[in-house]
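Below is one structure, written out as structure tokens; the observations come after it.
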Amino acid sequence: MDALKRFGISLPAGLLNRFDREITEKGYQNRSEAFRDLIRQYLVKRDLDKNEEIVGVLSLVYDHHVPSLSNHLNDLQHNYHEHILSNTHIHLDHQNCLEVIILKGRYSDVKRLSDRIIGTRGVKHGDLSFTSTGKNLTGV
Amino acid sequence: MDALKRFGISLPAGLLNRFDREITEKGYQNRSEAFRDLIRQYLVKRDLDKNEEIVGVLSLVYDHHVPSLSNHLNDLQHNYHEHILSNTHIHLDHQNCLEVIILKGRYSDVKRLSDRIIGTRGVKHGDLSFTSTGKNLTGV
Amino acid sequence: MDALKRFGISLPAGLLNRFDREITEKGYQNRSEAFRDLIRQYLVKRDLDKNEEIVGVLSLVYDHHVPSLSNHLNDLQHNYHEHILSNTHIHLDHQNCLEVIILKGRYSDVKRLSDRIIGTRGVKHGDLSFTSTGKNLTGV
Amino acid sequence: MDALKRFGISLPAGLLNRFDREITEKGYQNRSEAFRDLIRQYLVKRDLDKNEEIVGVLSLVYDHHVPSLSNHLNDLQHNYHEHILSNTHIHLDHQNCLEVIILKGRYSDVKRLSDRIIGTRGVKHGDLSFTSTGKNLTGV
């Protein structure tokens, strides 16, 4: 775990007051924790902008009655196994499946692969979100 | 599976041409499939706006050396088990864990619970994305 | 202008180093300025979540040959003049106009009015973005 | 104005029913208008992804008491006048100004210039949104 470094910053009193009110309301236990969160969110956005290695989380909803869709998704994932970390399958109801695929790679590669998967006939909805590999967010 | 209904729509020729070019480039095999995707994305956005029941996919990156964090996250999830469908844990590297939690509930409830989890001390990055329960996206 | 308040926060050294690198690359002249920006972005998001009074900036692209569209948009804006601060019209080319309408009001009211305007027949593209009224971002 | 082209698409009956309900609720007068909107939104997203020429709308909130800020913003805009179409200034209250700057250029250029402007000391909040130049959205 990384050593903590303490330093000072200056904020207008009114801005700081409102920030403290909001983060308390949101459930933060102290100001440094809230600052760390803001910084990390900023760094994750920078990773995306700079096409760094990131983690993508792809959610797919599909009808499990569509013939051969699940095999086809499976094949696709095996072809790109170097980018795919895991796969969770949820039976939403009699008809609908949710599949959450965790991908890792440069932003552009993850995006392209994800687009291909979402474009598969029979996929009803797909959404790709992003987080960090953790490497660029050292410390706690 | 839902019966298909065929109907006509009118589009300016230039707009339709560009649309066809783009969806081919994106890998769609036919126009109807691309239309279905656009419609479903629209309906998922409407579900969020109207606070309907949705599926949330929450990605968390955290340091597994932080004492008791993983127990704390576990407790939180058990307290809200009626909203939590599953939990996937990935060992990103020696230090970093990725946890992807799948939640279900009205948009506002999923958002509130997710904010609480992201706000936990030790969580480095959290991101919540949304998809459908499938119920409002009938047919293939 | 608000008095500045100086206080200390603790960050893991590695996280702080990367943050400093990124903000320098992005053109910030010092750390406090970058922190102020992050805080204000956070507060604007909170304003939206809490349905506070905000400023909306609505961009519309439309074809100025569509009969009576511009009159219709004009009428709509007059009916809701208490929410509309200004209106900028740009002649993009022979065919296309851009109209940027600045709105003010609670988030839900601005969103509803904006949806109505975007839904007007002949509007080719509409996008609504948000900023602060400034009141909740006191100080520099 | 572009000639209309009529063609048929197939949708599952349940999906089409829900779509019709939602667009009626949203104020659309017919299905084709709603389809055109979805297609244009899709094309604008593609323009961004492919770094095409787009229109950016940059909203800035700043304190007009900050010495020389408004001159500095003015200079910046003149240096990049080939990307700047217009500038609207709103007096939000005694302290706060809103400036909405309309930019045109390739996505990456507009983003970079916008980042520089938002990073100016004294700017409290900046938000960049995007729309089309209209050229890629031919027809009504």
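The chains carry the letters A, B, C and D, assigned in the order they are written, with residues numbered from 1 in each.
Quick note on the criterion: a contact is a pair of C-beta atoms (placed from the backbone, for glycine too) under 8 Å apart; a residue touches a chain by one contact, two chains touch by 3 or more.
This is a predicted model, so every value here is computed, not measured.
**Q** Note the shortest touch-path length, in steps, from chain B to chain C.
**A** 2
**Q** Between chain A and chain D, what is the gap in Å from one C-alpha centre to the other?
**A** 25
**Q** Express in whole angstrom the distance between the two chain centres, defined as the mean CA positions of chain C and chain D.
**A** Centre-to-centre distance between chain C and chain D: 10 Å.
**Q** Could you pull out the residues of chain D that touch at least 2 other chains?
**A** 1, 26, 36, 40, 137, 140
**Q** Line, ring, star, complete or other: which describes how these chains touch one another?
**A** Chain contacts: single closed ring, each chain with exactly two partners.
**Q** Kindly provide every pair of chains that touch.
**A** So, checking each combination of chains, I get A-B, A-C, B-D, C-D as the touching pairs.
**Q** Using the touch rule from the top, collect the residues of chain C that touch chain A in their complex.
**A** 1-16, 18-19, 22, 26, 31-32, 35-36, 38-40, 42-43, 46, 136-140
**Q** Which residues of chain D touch chain C in their complex?
**A** For chain D paired with chain C, touching residues are 1, 26-29, 33, 36-37, 40-41, 44, 55, 57, 59-61, 63, 65-66, 85-86, 88, 90, 92-93, 95-98, 100, 102, 115-116, 118-119, 121-135, 137, 140.
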